[in-house]
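Note that the chains take the letters A, B, C and D in the order they are written out, and that residue 1 is the start of every chain.
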């Protein structure tokens, strides 16, 4: 079993694997997102309360989930790289950060657009959106710390440490924001939670979620090749790869 | 090599700083009663080598071991036995020379003010023991840093350009301190550009 | 006769306090900043104490947060600049003891001073005397937690040129739960309801941060010292 | 293709039950974000490859290359 793990640590293998996997991920992502869009927009029945506005969930929920998933995988990849000194972990963390940040922005925009019909304003400090906003600040902190160092290997390790500290704080932030929201606004305001959904509404959501995950995999593989090249520029295998 | 058994040994250390391959497979060994003079043009990694040896910088490849054990396994025990003098004299401007020594040496071993004053005496700066370090000249600061290395009574000295800013008298004091340290069973790794006039078992290493 | 960890801790704390009191003006700066920021709010909002009292916990805590952040930069910066940080790291005591001692001494000089000044600011913002006990306790826990979060941030950014902007960017998101529970406790104390719940959360945050942050700050410093 | 019948008439589909102003911008912005991710990933890889080639030429020029 360990050869599989050992292979993951060798840059040429990661570089080649990323190149091979990217198109597969992208193709599967296109299919699942396509199906999710058609099924969600056309066939899923409108919500009895929110009418067709609820269809925004097919973009908001997957992107909110992806923003957290990407941050967790960034922090774990960084932790593995920091503890076991595997350079590829830093490459995965560096590749994962911008994707996660873009999904966080998407979740925030779709969340506030969805909130407009419900609350009458684009921003009403909904606990989930507030946590999402703080998550965006964590992303910006990690990405700017990584690029602030001239020596990329130190930037990687600093960003990995901040990623771990951030990951430990995400649940604390989420809980304290929820506590703060319930303190001031009480639970009356309809929060952005996922309403209980019948199958016809749920299937498109699951396929959109799967589609976004596959898309994340695809873009991660594409970015990873760039990150590996940046870190292994002097290595012999890069010269062969470039020449071919 | 039995020499490495009870001294410092560095095997094939590689260090990259960004794209620059600063240390390319450097190896050395340093036993008791030995002095290693490391020299070479600027930017060839002399200071980086010192930082690797004292355990501040972990090399990408290669091994540093002290008395047979790798320093990464027992880092603070190893660092307790060494005294490192960096390129700057590393003194707090607001503290007096004596206070600087008390706080620096006091973390390594219990030491009395008299011992510190005698160390300052031996490096010729006893007069400015109670002056704040910021009013001292560069040469005096270097002598205070020398007194700190002396007062630590460490068995391994790692000195980065110890002779900078020293006048003739200062260089003689430095050379005699090095000689008595090495004669007394200690070992020293000195980075310096010019020739060292220390009568002891001295080897030279050129970093290209 | 190697020096024990506690003795080294005491020596480093004495060193930090000695250094801080050699430059008392630098000690006053964060406190004056704290006073200035809290006077901004009445000028910007209104002078009726009744209105100010509702905003007082938030104003007090935001001002405390920002002035603590201001002083965090000096935690490792001066030692890193003149090379003494390396000497401390190499003294054979292990970097964690040094980081714990330096952060604790830094909190004594900045956070604790802030807590002592806060009654003055509290009365200025119309906080009733009855709420002072909770306010002082919550500020004490809050500033200690912030010093530790700041130690991680300062450890990461001390070697960078424009490090202190990045320091705030890194530390503030992590300090938001602190602000929520701190201001929440003070707010409840003012309105007379029991603030015990929020204080328990704040204390939990403080204990959690004070136990884990030293190791994170040590790793951060080790990365910078390379 | 999907369980619920297609009771939505095509003209009414675009109005999204009156919420078109909110639903379509969301999906449009989602498209923008997905597109940006693909574009920036490709651009990042191309830039990295360029830097690697330049480093290779520099190494060849410096005669390091065996």
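What to note about this one:
Please note the rule applied: contacts are C-beta pairs under 8 Å (C-beta built on N, C-alpha and C of every residue); 3 or more make two chains touch, one makes a residue touch a chain.
Owing to the predicted nature of the structure, the values given are computational and were not obtained by experimental measurement.
Discounting chain C, connectivity by touch keeps the other chains in one piece.
Separating the centre of chain B from that of chain C, both taken as means of CA atoms, is a distance of 36 Å. Taking each chain's centre as the mean of its C-alpha atoms, chain A lies 32 Å from chain C. Annotation: 49 Å between the Cα-based centres of chain A and chain B.
As a whole-number value, the distance joining the C-alpha centres of chain C and chain D reads 43 Å. Counting only residues that touch two or more partner chains, chain C has 226. Contact of a single residue of chain B with at least two other chains is seen at positions 19.
For chain D, the set of residues touching two or more other chains reads 55. A complete list of chain pairs in contact reads A-B, A-C, A-D, B-C.
Residues of chain C that touch chain B in their complex: 1-3, 8, 11-12, 14-15, 18-19, 22-23, 78-79, 82-84, 86-94, 225-226.
On the chain A side of its complex with chain D, the touching residues are 37-39, 41-46, 51-53, 55-56, 59-60, 63, 98-99, 102-103, 105-106, 109-110, 113-114, 116-117, 199-200, 203-204, 215, 219, 222-223, 225-227, 229-230, 233-234, 238-239, 242-243. Every residue of chain A that touches chain B in the complex is listed here, in rising order: 150-153, 233-234. Taken together, the chain B residues at the contact with chain A in this complex read 16-19, 21. Those residues of chain D that touch chain A in the complex are listed here as 1-6, 8, 13, 16-19, 22-23, 25-27, 29-30, 33-34, 36-38, 40-42, 44-45, 47-49, 51-53, 55-56, 59, 65.
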